[in-house]
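First, the structure itself, so that you have it in front of you.
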């Protein structure tokens, strides 16, 4: 249930405000020196400590820090402790277990959540499914869990890079804004207003050989969609012509000069050797100052003053960029 | 690779123009009388032999037959032979194997495909992945395989219906046309023109209790997306507010009176007790009279007169409605 | 539940007296010409239509036919019909589905079983687990199901043979008799007496490279044991020094000149490049003339005249030889 | 590869002399208070810190401590740190991650192993499979890994006990000695002699309802055999009449008054409601003073003075008792 992949499998564990989050990565070949810098960078990107760089086609500046991203994310170092599978920095071929201890655990901040369900969160469904939940910051449902995915996915990216396969995601749209040069100011305004906004992340996989993915069920797009839809806040997945392609006629689509844009690099569930292109849409986070309604566990509705100012992400799609890359890498490595 | 689901699993086999297509359905409880009429209806809907009914909100008339749907589909009866797992019409709790023999197999129609790759089809990726392929009508990649899915999925639907869970899909958009009353004429025009067009199918699952789906990877939306993206021609999946929701602000989204439309009936990967709503987009089929280009296996490009008139679907989304329902049923039953 | 293996997977279906038994074999590479003769031979060996040959080290003669083996097995041809995955005798890389129709289905012979549980059979556990069962000849629990395994396993053996890996099993012990030259007469005497007897089958895998099997859970011996214990009537599995080695001291074991006999060709769960040797013990079949007691479904004990003379196997271990080889091949191919 | 079970799954990680060993247990229901004392007891039993009690039918006294069991095992406390899935001692329904830090890690003791393969160990197969290995004390192949299995298995045992299912294993035979009252002195003599000896562990599962296990491949005995064969040093598995039953005739077996002893509590792969009885044989450990030969990595044979006196187990079957119980519990819980 908490494991993704069969041959290259990642098991995730940990609650947002428990002792630690972490994971077990199984199927990494022996003899690989792990690039710890690359992992740190990816974690910083996920945490909003660095902005996606300009060369990624994402223009918003480092000023963004402290504007659209929660202080907790900025403060935490996300130090990875490697427990097994690595000796002197080199993989052993055995399962790699790692943990990131939760430093900023302030459970008292979440005391009120014991008796309340936040709208747009998984509080109620968890409580009804399990009859118990770790109410502190969403517990297992918190997006903090994605830090473990980023560690594992970055190891996968490193393995793929050795074969010439690169995975690059970028923020493509924020709200209705499609011009990257205006993302920074757009998000800052939303942030000032105590509100939140959705976004679209596009991901391109280059260097993938022909033949990745299986016909029928285990299609490449099926596995990518599965992984992306599992990211917190993701409401949709499309590849190639996607939803906008509904209006295309066959005569236009297949005679098009820009066939790859339309096919998305996949035919019959199998990579066709051209770049694979897909997009995910992320909803605005529910943890914003304007979301005031909630329900007590006894089903009665109440109002409350949700969070200290700024303690929320104005646009979770910004930080999702690193997670999309990580998940894509886990999927592709598992299918190869 | 050709199996979907763990506890309730469906294994699919068969080439489009081989002896038979079929499947093995494992995990069906013992003692259930299989509703053969329901299966026949679903197969007819998939084959385009009957139009989705008006009560489904799909307005296009039976006139559609012979217009937007290929003659082969209309001619074939899709007779299901039950090989195991059923005694006197009642399930035994053992694996249910069934086959549908291929009647309209005219391999000679496809002789030219031995040496050609059709654009927009999986011909080339199959050939490069396997070094061999059944070229007859796409072989394993043909949408004919979805008939097996419909048989299995309809058994799943029957099991779900016993628990009050109903799955209904409908055609929501054809090209740019969103008014169901104009679908018929729209598709007929495309058909007359020898062209093809995309469409969007919406599916609603009602009666689902709280708690279906697992946090983290095995989210309900992840499994639904996986299954839908595996349907031939599907280019995107979304639930709740989906891609259009990118422009919504958090303050609008969570204060909305129509919360279910936005949440899509899922929170944190787990069904929340309200109807689950998702949509899939289907591209226009590549098998239309206007798609004239192809490539010889030696990579040279050539022109050919593709199909006899009418032997193609003007809008595969029409027939996908039955497949979407079937796949959703397989997913939901497996997760329960 | 009815599937074995992940990368090379075999799904089995069918009841003993239903329409057909069969299977789906997934993961066979494309472009392999299937050796139909080899499959026929293996099926004949399993059915007791031919005795294991002298070169196998099994001395009992063809006279055995009609003595220790049930008439039904002798009469049936076990004709395999290939439904998919094969074109012109060559594999396509797609799932291979095959069936063997049940010819000698005489359900009326089993009418009395509707109301009785046979001792030593799965009649009662099936009835209590499922609340229904196909009572005809054991239904799904019948050893007839192993014919499907033999078809699939022989395809696997063929694939392994291409890499120089050979799997040979032989009857090693019948009752207390360990001299193959006396097996024939021993079994004939048991048969005349209307009784049944146990046996031990030994299997040797040669040509296996170093490295097959995974540390910890997915050890080579774990997978072999899993597969062998799933064969009808198998009560035990051992490799290398096995149970008799309990009395060995470490000083004797590891200084032994015959280290392979003791290690069984596996170290730490991984093949070590020497022949892999394992053994399985099979109990006497419960379907013998001397087993007269049974229980009515209401739990009352009664006597009945069980079977027509000869309609039982005196020593199921004889026919198990082909099944052991098949299962070993499925396991090894899946792990490679 | 390092995961056992699907619905109730256990993932193991950690090298013998790395930072920590540990595991992730997924599928534990929410709201269960974990019995930490029970886990400590089981770990002590596995480590040889307490002898199996007299009521277990195992007569060897506490004097055994320091005789047949390695000092490292006695010294280590095996302190379990719970990282996730548990809040205030109660399970959350989320994955439970735990670690046991390696305290007695003295890698310098194993420096010589960098260049040598020990006979009877997995040193060579690991090296050839992975091209690298953690040579320190066997690394991943060390029996220390079974401590993680005992933690996970004891949680499973607790869950089973709530349903009235008890799993009890005991030492049944040491070398040729079958009288428990003489085990103590027998093992002590072997230990004094610097040698090692094999043993047989018997396990009985009581309270199991009818219906656990699946027909065909996923038989109860298949899963038990798989799990037992994965325990270090296990060379064979049998249930019910086992290997000794080879000489039984059908007429004796099924008329026997002690039917359960013969059936082992399983019919057709499914538990029949009577106690399930199985046995495993363990070889003598290769790490004894008399095992002097090894091979340098360059394949040349050499002699070396293996271990400091006493730093080995005279009979690993003693400590395997706790592991057999743990593995049986993991298997049964997963199948229910």
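General remarks:
Note that the chains are named A, B, C and D in the order they appear, and that numbering of residues resets to 1 at the start of each chain.
Here is the rule we use: a contact is a pair of C-beta atoms (placed from the backbone, for glycine too) under 8 Å apart; a residue touches a chain by one contact, two chains touch by 3 or more.
Everything quoted here is computed from the prediction, not taken from an experiment.
Separation of subunit A from subunit C in touch steps, taking the shortest path, is 1. Taking each chain's centre as the mean of its CA atoms, A is the chain most distant from subunit C. In whole angstrom, the spacing between the mean C-alpha positions of subunit B and subunit C is 39.
Note on chain placement: the centre of subunit A and the centre of subunit B lie 29 Å apart, centres being C-alpha means.
Averaged Cα coordinates give subunit B a centre that lies 48 Å from the centre of subunit D. Touching of two or more other chains is recorded for residues 1-3, 12, 94, 129, 140, 215 of subunit D.
Within the complex, the subunit A residues that touch subunit C are 6-7, 94, 215. Across the complex, subunit D meets subunit C through its residues 1-4, 12, 119-122, 124-126, 128-129, 140-141, 145, 173, 175-176, 190, 195-200, 210-211, 214-219, 221-230, 234-243, 245-251, 253-255, 259, 263-264, 267-273, 281, 283-286, 288, 290-291, 293. Across the interface of their complex, subunit A is touched by residues 1-3, 9, 11-15, 18-22, 24, 26-27, 29-31, 81-85, 87, 90, 92-97, 99, 129-134, 139-140 of subunit D.
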